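Reading through the structure tokens given below for one structure.
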């Protein structure tokens, strides 16, 4: 099993002919991801990386029936690309694009509410179900299949966590980046719900960071239910100064809410095991799995 | 991106919203002229990108032009330390001089992005000139909030709900309704993240005047608003911050002595956290980002090792989009150019790690290569010479 | 019983201090309708017709807990008044105002979808449950309580039908005007669904007119279910020339769709008894009730 | 409210959308001048508010200026009868003269209010210059429709979906996308009910040109669009229709001989229907509306009884908002003023019916008072003298 993407999941790439998209589509293909088509307005009818290119997602959808779309368009076209995918009936949209204006994202999210589509990102490294499918820009080779599910707001920090796990021989079921922006799609709670049902997943790692309330919401969710699997969490930004932005638009501390301290307290109360040393994510997870 | 108060007030004026009569001064000589023209008393307002100016002595009342001049002489060039600036404070380079208002009543009016509900919100309060977070805890009954979305904008009935909540006289309601719809339209059109009028003043002569204004724009949308991006004011930034910006590096000065160069904001924060965890103190946050060039790495490394406060440095790279060999080349070139007088720990993983480590080793420079994250952190703290 | 409004239903009047609103509020009060408050921006705190006046529906709602709001504001303020009522949680909104621009109504309807509020109208005479409550501008005295439910797109024509019934001693459970505009709230199908459950109602009269597809939709609804009560229908406009507007914005014939012929055919197929002589609405209904 | 083609084209031009080069002429003399300036061949287009002008001879091609002049001489003042005008047709008072286009391809582009789905729709077709209803039945595969709502407007991706559907060359797509977003924005801003560009022509020189345009605005919103309401053109209306409009009466001329004066559109239609039901033929539809004045009733009744075709008339009032006594007074005053030379049946019910009937009786005029709807209808038909 695994969540969101499986070996056979059919993937569309929006903005496929761009430089970054080309590079990462090749990496996805090498990994074995089943990429079936691409979209670039104006390049419809061409072939790129052995894949058919379409002018619109709608056309790509009727020709190749992709289930998931991964978006690599420029920031100003990001929200429109998300809406286009949702409008065409793509059920899962993974938006890699970084720097989409906030108000554009508010519009896109309001649009998504009227559809059945789910969004991951934007500003996410994507999703990987190791050994099956990689839909995003993470380095595939550091992953191995196994029992740990990861949900993270950060890119490279997730790679670090996965790397620690893999070095200790602990594999991953699915690793999901929810993205570093202040307005994003699926968050911890929704994904925890999916991992809950996943037979392969035996333990979960949440990687949070300062700013926003995603971790607090996750804690709220966990307090309501009795979650059947152990959860560990690391929240980055204990040392961050208040009121300053640290790269992610989401990483702004708003008053006392949104601090790393607040987040770890909430999660701890909800029964989550807090990891304070980010170099021990792998070890602590392995210890939990053995017990 | 925040803009200065005087810039925000010019924008309001262009939108047809009343602001106090006032002019910008960049020298004490201008101050006296302006005060004479405005008439007394006048208010001097230090133009720095921070709240809490009042408590920090950045807002002063002058009864006479001469008093204004002498107050201004003290204020110009002063480093104002507010609750939001950090220890270094911000230097006052410009002063906005305004005619003092005859205040009858003060309210608060704010528009913001509501991350939690993924919509926009408008908030009014019957008290103004206050810290709104504070008030919302202590007297929530004085505050009213409504939500609106960017496609629909603020509906007339919503503006009326807010306006009537403020309990102003009926003849001001229409003015307030159009003010609210005007500002919310502007907020959406120009991609703001925050707009506060605090206080919104009702004067003795029954005018509604925006006495102070804060506007924050969305950096991600500046490209489509040339008029706004032209207002960028970097004069408060340190030299390193300016250099970093030029190379699109995300740099932030901190108070410690261990320099950090990392790719990715999350890993960069985790790197600072682990340094603290082992008793060290980070001198900075530095995320080189995903699309970094060799030249930018070179500059990033220069900022680190040229910082006099820095006693040791850590380069922590997990290659994904960023390739380790590119970072290694940038670091080596800089070290060869400037010499390596401080201990530098390098830890690399991910894309092209082998090529990267080879470049570092073959440079012959005395980098401390670490095998993993924890070892790297421990090492750089012990080398910093200020281990707890 | 009856539908939508009962004797105790608490009524709010939006725009209460206007000339027409004042006149009709008085008539409603005389009829025994439980009007509890009014709204006119700028007149909050005043008293009008013995009722408290508020500046906003929200304020009126918290003070007087009205369940239904009847709107008498000028056309340009109509859509905003509907949204204000829905936003304040008013469950049933009856919009008498005529001449609201179509695009305003599209906005209002999209807004309503996000709430639990139902709309009747605009451009409707309103709703009456004879002997209990009159929420609108129809002449109350022509109605008597009884077993017939009416749903109509037309004002005076409904009065005509009610008058015929009353003269024959046949009373009405509830008469609802759905309004003559091209974009309106509840239509035949939703109201038929409500009348279906109403014990008082033994037979139904639908009064349609040319233009739009409300009658065709009603026929579609009736074909799907087995409706337990007899339904009669009269559709006005057999003699209307195509492509011309006859007063109601809704009354424009669009191609072959929307003609009186098309509508009566659809209704007939759905088991509805068609009345061709509008002077016989009362007689034909009485005959059905006796059988 | 429909506007003339030449007016709609001026609007498009102001929106930056290409239209054929052309000028409006009101006389044959102007035609020849315009043709000489434009160069040949030219197209003469009768400006009447009706579709189907081509089949009715209202659109003519002229190879030479002289030919244009002689064609125009025939066209000016002519009554064009199209499939939409009714038997009386519409008089041609203005002719739009345009330079003929070198057509490579024709498409269709329409925006409309979708009553059924309560949203706006945009429709494009790969064939243009056609009856779109016809095409949608016969070749639906050539048509693409998308929905958008007035708060959100047409999204860029929706414009792309439509544009790519038309299968034009790539270099025209951007132009088409901006044309679509431009028109949809205009549609919402100015409260249109219908906007058709038919055909949208791709010329041999690769330009996209709006060769014919139809725009219908929402009468209910004209008040907020002074620029649009100024385009109202009533020159096609009959004298009675103009008089009725001045008194805010909703009057429409029909082909029969029985005059009708009713309150409420539904009851007015039912009155026409019942007249037909009993073998009569209504001469008009006349809804006096809810807010009618005595003076307006007076004028309404004048229009009825002054109509030479009318052999008998029916006044059918169900008082609700309208009071029967007011109507009675208006009718009586008019009858006293003009004399009552035709049989008039009056049937009244509802508000103030007793007062109304009293006024009629006390006038001493020979009105035929009917007790109910059916009796009234039967009576007016038998009095019309043309019972089937």
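Just so it is clear, A, B, C and D label the chains in written order, and each chain counts residues from 1 on its own.
Going forward, a residue touches a chain if its C-beta (ideal position, glycine included) is under 8 Å from a C-beta of that chain, and two chains touch if they have at least 3 such contacts.
Every value quoted in this text rests on a predicted model; they were computed, and no experiment measured them.
> Go through C-D and A-D and name the pair with more C-beta contacts between its chains.
Between A-D and C-D, contacts are more numerous in C-D.
> Most remote chain relative to subunit A, going by C-alpha centroids?
Farthest by centroid: D.
> Report the inter-centroid distance (CA atoms only) between subunit A and subunit B in whole Å.
28
> At what distance in angstrom does the C-alpha mean of subunit D lie from that of subunit A?
Roughly 56 Å separates the two chain centres.
> Using mean CA coordinates as chain centres, what's the subunit B-subunit D distance in Å?
So the centroids are 59 Å from each other.
> Can you tell me which residues of subunit B touch two or more of the remaining chains?
151-152
> Could you pull out the residues of subunit A that touch at least 2 other chains?
Expected reply: 107.
> What does subunit D use to touch subunit A in their complex?
Within the complex, subunit D contacts subunit A at residues 152, 155-158, 160-161, 164, 170, 173.
> Can you list the residues on subunit C that touch subunit D in the complex?
Within the complex, subunit C touches subunit D at residues 20, 75-76, 98-104, 106-107, 109-110, 125, 137-139, 142, 152-160, 163-164, 180, 182-183, 207, 209-210, 212-213, 234, 236-241, 243-244, 246-249, 251, 255, 260, 276-280.
> Given the complex with subunit D, which residues does subunit A contribute to the contact?
Touching subunit D from subunit A are residues 41-42, 44, 55-59, 77, 80-81, 83-84, 87, 107, 111.
> Where on subunit D does subunit C make contact in their complex?
Residue positions touching the partner: 84, 86, 113, 115-116, 118-120, 133, 149-151, 188, 191, 193, 218-221, 223-224, 250, 252, 254, 262-270, 272-277, 282, 285, 287, 289-290, 318-321, 349-351, 372-374, 377.
> For subunit B, which residues are in contact with subunit D within the complex?
Answer in residue numbers: 151-152.
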